[in-house]
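Presented below is the structure to which this report refers.
Chain lettering (A, B, C, D, E and F) follows the sequence in which the chains are written, and residue indices restart at 1 in each chain.
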Amino acid sequence: MKLLLVNPNMTQAVTDAVLAAARMRARPGTELVAVTGDFGPQVIGSRAENALAQHGVLELVARHADGCDAVVLGVSLDTALWACRELLAMPVVGMTEAGLLCGATVATRIGVLTYGARMGPLYRELIESHGLGTRLAGVEALDVTPQQTFETPEQVRAAVLAGVHRLVERDGAEAVLLAGAAMASMADLLQPQVPVPLLDGIGCAIVLAQAMASLQLPRARRGSLGATGGRVVHGVSPALAALFARPA
Amino acid sequence: MKLLLVNPNMTQAVTDAVLAAARMRARPGTELVAVTGDFGPQVIGSRAENALAQHGVLELVARHADGCDAVVLGVSLDTALWACRELLAMPVVGMTEAGLLCGATVATRIGVLTYGARMGPLYRELIESHGLGTRLAGVEALDVTPQQTFETPEQVRAAVLAGVHRLVERDGAEAVLLAGAAMASMADLLQPQVPVPLLDGIGCAIVLAQAMASLQLPRARRGSLGATGGRVVHGVSPALAALFARPA
Amino acid sequence: MKLLLVNPNMTQAVTDAVLAAARMRARPGTELVAVTGDFGPQVIGSRAENALAQHGVLELVARHADGCDAVVLGVSLDTALWACRELLAMPVVGMTEAGLLCGATVATRIGVLTYGARMGPLYRELIESHGLGTRLAGVEALDVTPQQTFETPEQVRAAVLAGVHRLVERDGAEAVLLAGAAMASMADLLQPQVPVPLLDGIGCAIVLAQAMASLQLPRARRGSLGATGGRVVHGVSPALAALFARPA
Amino acid sequence: MKLLLVNPNMTQAVTDAVLAAARMRARPGTELVAVTGDFGPQVIGSRAENALAQHGVLELVARHADGCDAVVLGVSLDTALWACRELLAMPVVGMTEAGLLCGATVATRIGVLTYGARMGPLYRELIESHGLGTRLAGVEALDVTPQQTFETPEQVRAAVLAGVHRLVERDGAEAVLLAGAAMASMADLLQPQVPVPLLDGIGCAIVLAQAMASLQLPRARRGSLGATGGRVVHGVSPALAALFARPA
Amino acid sequence: MKLLLVNPNMTQAVTDAVLAAARMRARPGTELVAVTGDFGPQVIGSRAENALAQHGVLELVARHADGCDAVVLGVSLDTALWACRELLAMPVVGMTEAGLLCGATVATRIGVLTYGARMGPLYRELIESHGLGTRLAGVEALDVTPQQTFETPEQVRAAVLAGVHRLVERDGAEAVLLAGAAMASMADLLQPQVPVPLLDGIGCAIVLAQAMASLQLPRARRGSLGATGGRVVHGVSPALAALFARPA
Amino acid sequence: MKLLLVNPNMTQAVTDAVLAAARMRARPGTELVAVTGDFGPQVIGSRAENALAQHGVLELVARHADGCDAVVLGVSLDTALWACRELLAMPVVGMTEAGLLCGATVATRIGVLTYGARMGPLYRELIESHGLGTRLAGVEALDVTPQQTFETPEQVRAAVLAGVHRLVERDGAEAVLLAGAAMASMADLLQPQVPVPLLDGIGCAIVLAQAMASLQLPRARRGSLGATGGRVVHGVSPALAALFARPA
């Protein structure tokens, strides 16, 4: 089985972290291809960067998804997730979505921890848009940047641990999702110090993508996710233009 | 990997159908153990039979779960699902829950088709209790009994197909879950005639249980799903009494 | 009028407390029959015990409801409430449900106080399942066991009082329901020290059951609560098997 | 026990129907006092008339509630219900509220039938405001006026019956509330032709008001329903001005 | 353009504050007519006063709306808003509604600050009734009376400022609405000390009413807001009786 | 006052229709600048095109918003609306959002009519994301393309009219929003044949943008919409890169 991991921001260290976390959970023999954005935001830390990154995600899947069995979006805002599902004939899984869906089988309510004080509302909106708002215990948005994960890892881990405990104690979280591609390898490290399951979005996305691929469901021919076919777009890569133009 | 399939009703044909569907989706090398209730309802077709079957599920997991890697509940009302999660230290997955969670990655809204005109409200309540009500397109409760699946399969398949089309056309379902252990092998048969993905609860539960087992999440030590330990119950099997009494 | 009070756990002291509280509110001349579980949990303090107790409730109503005018479930998780409504041709009222319905006429939002730190989520889920989540101010789950009510009553009352005040001050509760059969007589004792109405679930259930009995509504012949009739179950008491088998 | 029945519109025939229905359900020995508005709408058939009738309700309770044990609002929009609860130290029950609360113990979802095609949204809003929207199966607003109930009763009953059947068949209502003071005696008449319980708002309000009165709950001293005390209003009856001015 | 400003309470200072705030935001050349209740509550600080004031609002619009282009309700509970929309053929805008609708374009979630500790639940209910509950960050109900705004303005402003900061810090409000006609001129004063937009209900209502007037939408001839026409009410002013009686 | 109208698709005829509709509602003296996308989708008729168009919107506002008083997004999926609010220091209004907010003052529930059978779910999701789901009567997604509006206008108008009537009759819509930039001038034409207000998204957006501009609210310095400042993006126009890089 071959999985495409898509990181639409331009920070290779994030792609590397995503790939490393993916390797931990992929079944033996799985081929993993990880790609990084070549335009757009250095890191996604705002609504506008996330809007821009949607184009980037489309470009990456247009160029790299052919021949894969499933796509995992390695960006914690599940950027362009449903657009990819419409464009592609294979399973596409978002890492925050996957963390919540897997978490839903081990916890009544899930806490979500992320980086960036201003990002809390975006995760709440994302989780509501997935229809999972009633399973959310709370969001803890740390005043930390993704870069600090690589530069001052110990301080960041201490802050993450404190945030996790607030979600458990204050909000009654029965599991906690570490939502951030930069945190991709942290759950295993911190789990021994946490009294509830720690969910790693990438790990959850990998096992869920493999599960979905094995179901071999056909593509819808009806509804808002069926192939559109024959759409005309300009000023994008030939691969993306061709993907839009492909007949339904 | 070894999975326990639990059918709390007393109809062996249902267990057989569940096991057959599970074999279709389990990874090569997976050991499947399917057990059938030895008291309680012949089939579950009412609220009271479902209430009674909760005891039956507990007895079956108490006697058979040791040594397994995960449990799949082969009963479409996800009977005693959260109780099992509290009692056991391994992943437990319900078939309707799994159908919805997997379906959530291929459809914005999911239709649910089941047997028994009076059972519609129970599925709506179940789906609401999973916090997934906003992902539900509609419920189609056919005037069919589980037994008819085995006795007049062609008529039943025609009725199922008509119900699926109502969910797609009338309710805008982008995927349809066949919710009923007795329908466990029907999705593959009918898929060619249906324009959206058909979800088989058992198949979804198998791949999701294997996904969850591979995540190797620890058991919670906090919250409503942590081990209770040391509980005293009477008048049940020694295995179940021992499971309740086991220290946390 | 004759009312059946059902306590599915095996602690007679709880049954006694329920019966005493019921006597305080029943109309003069009401006959009260209180029955205690003869298998299952000693006390219900977990999801699994509650699942098991559903069988116990069915057995008790099967043996004792004939000839009664209504049934009151003296178990604060309203265990098997809707199953009983389906099985029986008389009003059935749950004590937490009744506390909320009566409370809804004296408060915009109701606080719920119960025993057992891990039990908070179960009450939230129960109240949501009753469709009354928007009327809930908050849940306060004390770190107290039902037994302590009988062993160290003064400490328990102090803890209850503190919890009630948190619900009023922190959560804006305009009435507080003491949810726990073991607390059945505590509301009257504590009311003078509390600035909002204290609701006793048993008291509310008694007056509501008598109200419903006096309405003399017919049993539904349609929908998910109509008599099923002719259902086959095995391995239960003859009374319960006969109740299931009774024609619609 | 003495109950005040308040009809804020100026149609005596409605008051008479309310009183007759109340007598059917009140316990023996209950004293019933029914009062009719002396200003405001002839009948309430619009938002503006309902707004105006709030003043009327306040005037009626100010003049007549002293010495009563509880108040029943005999107006199906539960006009000024929470205002009365704030002003008065006794239970106050609305007829549609009571129909829903009682109905919640016999049906998972309740249909509501009322008069006036334009009135459907008002009932939906009312039921949402009671926090009971998830228990609503549907609203059927007939193109009938309250007066027609008294003038062409047979045609009206046929229309009501057809509407009830639509709620049951189309919307899955497991009980139906006849919401309209003018329908106060119709439920008993039509019940034999209806396969689910028919709820009469006045009957439900009477038994619920008597239940609440027997609980003898104290008035809140906190929250939005506690006595305000010492409020100054002008241009109203001395009784109402005095009720507002009464110290907390 | 001519706008009617309606203050149904009897405190002229509130009307003056409303008018002054309206002048700040009305387009040049707008004629503003501000009217004060001549019966009913001195100030609205309870549910019952708000119920009574509905009559007052109807009287004021009946006497003063003819010849105006739109109506602004200068009462922060949006008293009788929908009744006015049904009665009048021109735009009618409530000040709290307008604050929320305008705020919805500058903030994901809005905090609401008001006077009167007991009034918090009323604002929550109002906002829910507008269908805007998911946009509400929180309600802060200060222990302040409207009169104190005029008597001890500096203390009141300090209390308001502290409340605003709680809404921003604790509740994540991205804008704050000062909900209270008596606060009508305070937003501009306090804005420099607040890190998010401060919304003045009157200002928002003025610009929204002018916007709606310029759309020149026709009155509905269907639904719950269409003209009723020909309704009979007694004991009210000739103007109000005539407005009710006007043909549809 | 100067308003920027942004059409991110590449069809000039849509921009022209948007501009014409805007001119009808803008106050005298308003300067209107309408810009069209120079890359991306020819028309937006799918999730993926909408994802791609977010980049296009950002480019257009980066190049053209300086010196404007407000921005109106002339694309009925409100594409990149919140991203623009984060990037820009002026009011930004979406046309569907504006139609709903204005409609909320003239109707309890609003119907939405749009083009493209597959687009229905996207509008439902958009309206839910605005927190306005409870105000939605229904969505009618016609099997019509935007181009047909310009090519076969009479057939399209007939289809639109039929769809509007379904929303009114079947779903109880009290106002109907024509959601589609290509329909920008149709509301005035069809209004005489429709019994409820017809809302034109562009018209509503223009009056709401002018209203918001006149409020002169400051930009938030806190929360998810405050200026980010200093963000690094690559591979975009210098104007957009500069807008991202601008200090907070």
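Just so it is clear, a contact is a pair of C-beta atoms (placed from the backbone, for glycine too) under 8 Å apart; a residue touches a chain by one contact, two chains touch by 3 or more.
Protein names from UniProt, one per chain: A, B, C, D, E, F = Allantoin racemase.
These figures come from a predicted structure and were not determined experimentally.
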Using the contact definition stated above, find the chains touching both subunit E and subunit F.
A, D
Can you grab the rotation angle between subunit B and subunit C? Superpose on CA, round to the nearest 5°.
180
Report same or different for the subunit D and subunit E interface, where same means the shared residue numbers exceed half of all residue numbers found there.
same
Measuring from the mean C-alpha position of subunit C to the mean C-alpha position of subunit F, what distance in angstrom results?
52
Just how far, in Å, is the C-alpha centre of subunit C from the one of subunit A?
44
Residue numbers in subunit C touching two or more further chains are 82, 85, 108, 120-121, 125, 172, 174, 223-226
Chain pairs that touch, all of them, please.
A-B, A-C, A-E, A-F, B-C, B-D, B-F, C-D, C-E, D-E, D-F, E-F
Sort out for me which residues of subunit B touch subunit D in the complex.
120-121, 125
In the complex of these two chains, what residues of subunit B are touching subunit A?
25, 27, 82, 85, 91-93, 97, 101-102, 104-108, 130-135, 168, 172-175, 191, 195-199, 203-204, 207-208, 210-212, 214-215, 217-226
List of subunit C residues in touch with subunit E within their complex:
108-109, 172, 174
Residues of subunit E touching subunit D in the complex:
10, 38-42, 45-52, 54-55, 57-58, 80, 82-87, 118-122, 125, 128-129, 223-226, 228, 231-236, 244
